[in-house]
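The same chain A turns up in both complexes below, where it pairs with chain B and then with chain C.
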Partner chain A sequence: MFGKGASSSKSMEIIGSEKKFSVLIVDDDPIIRKIHSALLSKFTKEIQEVKNGKEAVDLCRSGASFDIIFMDKEMPIMNGLEATKELRAMGVNSTIVGVTSCDLSSERNDFIAAGQNQCYEKPLTIEKIKSLLSELNKNN
Partner chain B sequence: MVGTDLRQQLNNYIQSMRDQGILDSQFQSVQALKTEENPHFVLETITGFCSDADNGIAQMTRYLEGPVVDFTNLTGLSHFLRGSSSSIGGVRMALACRDLRRASEANNKQGCIEGMARLKHEYNSLKEGLNNISQIERQLIGNAQRGRQ
Partner chain C sequence: MAGSSLQQQIASMRQSLFDEGLLNEQFIELEKLEDASDPNFVKNVINVFLTDSLKNVTGIEESLLHLKADEPLDITELGKFLHRLKSGCLGIGAKKVPIEVEKMLQCYEAGDMEGMKTILPTMKQEYNILENKLEAYFELLPHIEPGQSSDPPSKGSTSSGE
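This part shows the complex of A and B:
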């Protein structure tokens, strides 16, 4: 999907033209979901949103799968770290990206220990998403 | 042309808010998400943000003014509003939320009272500016729709 073995610039072209990756946005803030969804729609049309970690877990348990899950940290019912641990325990191997309003440097270890692949400080930007996709391309 | 003047007026107004530190570049990132298919994106985002902020601040005031301060929920809501305000570019409001959260996490009632007052002040400034932006946006959308007819 991410052009295995391709250079990063060629991979971005592939991503830009195919737009075949799926994304799940997990955040309790409807404004964040709206903005992040609009941002991500520039890269893919396959976007779903849920408002807490439990809904994300239930969705994946029902059989839905996503290439990338953008996971907020602090949410009611089930927070992002708990949801990530649950998803990994279920065998979900999506790329999980933590997104937080807190000081990222102090929280990075928590995110990685929970099983997330990467983390960003809110809000997401076009540049952060391009950087993430480029990194995923290299790793794949 | 009227449209160009209005657009320039909008840009100038947003720049003045940036010069005052009320908004940062994130607001222009939000503007860039407006499309022909969704010309109301900025308006909808502003309306949604202000509605959430109005309700959130009212609730936080109740948590703070109750017989026993509910620091837990106050912390949670200040964090929530920090995320919202930073996503729309409301940098000073986001900082006020951060400081209020720190006071709340420390169970510092006086700090929370002062932090709440500051948050309300910053939100009122931001809200006034966003409402002015919304007015110009509505005019721009109306002009564009009339131009297509």
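This part shows the complex of A and C:
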């Protein structure tokens, strides 16, 4: 399930029972950005959003780093697969989670081949995020 | 008593969104995200959806029917509109609209423009029904007076409708 790039460049700090981690939401859909931001705010306050893969690449190139990047697939300018390849080529080893509105069974191989660690169908839910965090904590 | 009647009307409208197969459980997930720090979260999301999806539906129609005769058909733009519309629909828990959009996307992938044109009227009809129902429901919600619960009596109940 978790291939290359599984370990985050920033270790997840656990302070008491509160886990601190940073996320980047990459999606051209403002509705999805709003929903996923609200969902993830139940788990962390360190959330940033960008509208396409190029903005994500530029942000990471400027020095920003994230524990988890939620990457939409279909986006203008630079799609999620292209952005993932670019980020991995840059040496970004954040956990990258693909998010797609397409059928996951036909998309999964593309996601993993591009360098993503995991993928989900839209929209994310509390249960999917809990499952993801549980996996990450196990691996860390 | 007027407040109670209004609450019942809102509850009934909300239930009808599920009973008529317009929304699925994802809408309930959105409602769960609403809290004291963001009490208008669902309304705000729906407002963004209605604005964005209208642009996408219009864009799909203009592209397919080539309404802008002085501009060539931009097939990439058409695909962008379709994906964005489907994405937004999935986000709010719309049920019928993304089914039609998915059919159009399959035609799009196959290069079947005529197929997309055939599905377009149904997709628009389903979108218009959803849009009208959502607008009517959220128009009523702010009229709950302070002290009254905005939770309808049967909140959390849905039709399986599958």
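Everything below uses one rule, namely that the second predicted complex is superposed on the first by the 122 of 140 C-alpha atoms of A that agree within 3 Å, B and C clash if a C-alpha of one lies under 4 Å from a C-alpha of the other, contacts with A are read in each partner's own complex, and residues count from 1 in each chain.
Everything below uses one rule, namely that a residue touches a chain if its C-beta (ideal position, glycine included) is under 8 Å from a C-beta of that chain, and two chains touch if they have at least 3 such contacts.
Please read these numbers as outputs of a predicted model, since none were measured by experiment.
**Student:** Determine, for the superposed arrangement built on chain A, whether chain B and chain C clash or fit.
**Tutor:** Taken together on chain A, chain C would clash with chain B, as the superposition shows.
**Student:** With the two structures laid over each other on chain A, which partner does A:139 touch: chain B (first), chain C (second), both, or neither?
**Tutor:** A:139 sits against neither chain B nor chain C.
**Student:** With both complexes superposed on chain A, which partner does A:65 reach: first (chain B), second (chain C), both or neither?
**Tutor:** Neither partner.
**Student:** One more residue to check, A:109. First (chain B), second (chain C), both or neither?
**Tutor:** A:109: touches no partner chain.
**Student:** Kindly classify A:125 by the partners it touches after superposition: chain B alone (first), chain C alone (second), both, or neither?
**Tutor:** A:125 sits against chain B and chain C alike.
**Student:** Which chain A residues lie in the overlap of the chain B contact set and the chain C contact set?
**Tutor:** Looking at chain A, the two contact sets intersect at 28-32, 34-35, 38-39, 72, 74, 101, 122-123, 125-126.
**Student:** Which positions of chain A touch chain B when the two form their complex?
**Tutor:** Its residues touching chain B are 28-32, 34-35, 38-39, 72, 74, 101-102, 122-123, 125-126.
**Student:** Spell out the residues on chain C that touch chain A in their complex, using ranges where they run on.
**Tutor:** 26, 29-30, 32-33, 38, 41, 44-45, 48-49, 52, 80, 83-84, 86-88, 90-92
**Student:** Could you please specify the touching residues of chain A with respect to chain C in the complex?
**Tutor:** 27-32, 34-35, 38-39, 42, 72, 74, 76, 101, 122-123, 125-126
**Student:** Within the complex, which stretch of chain B touches chain A?
**Tutor:** These residues of chain B touch chain A: 26, 29-30, 33, 38, 41, 44-45, 48-49, 52, 76, 79-80, 82-84, 86-88.
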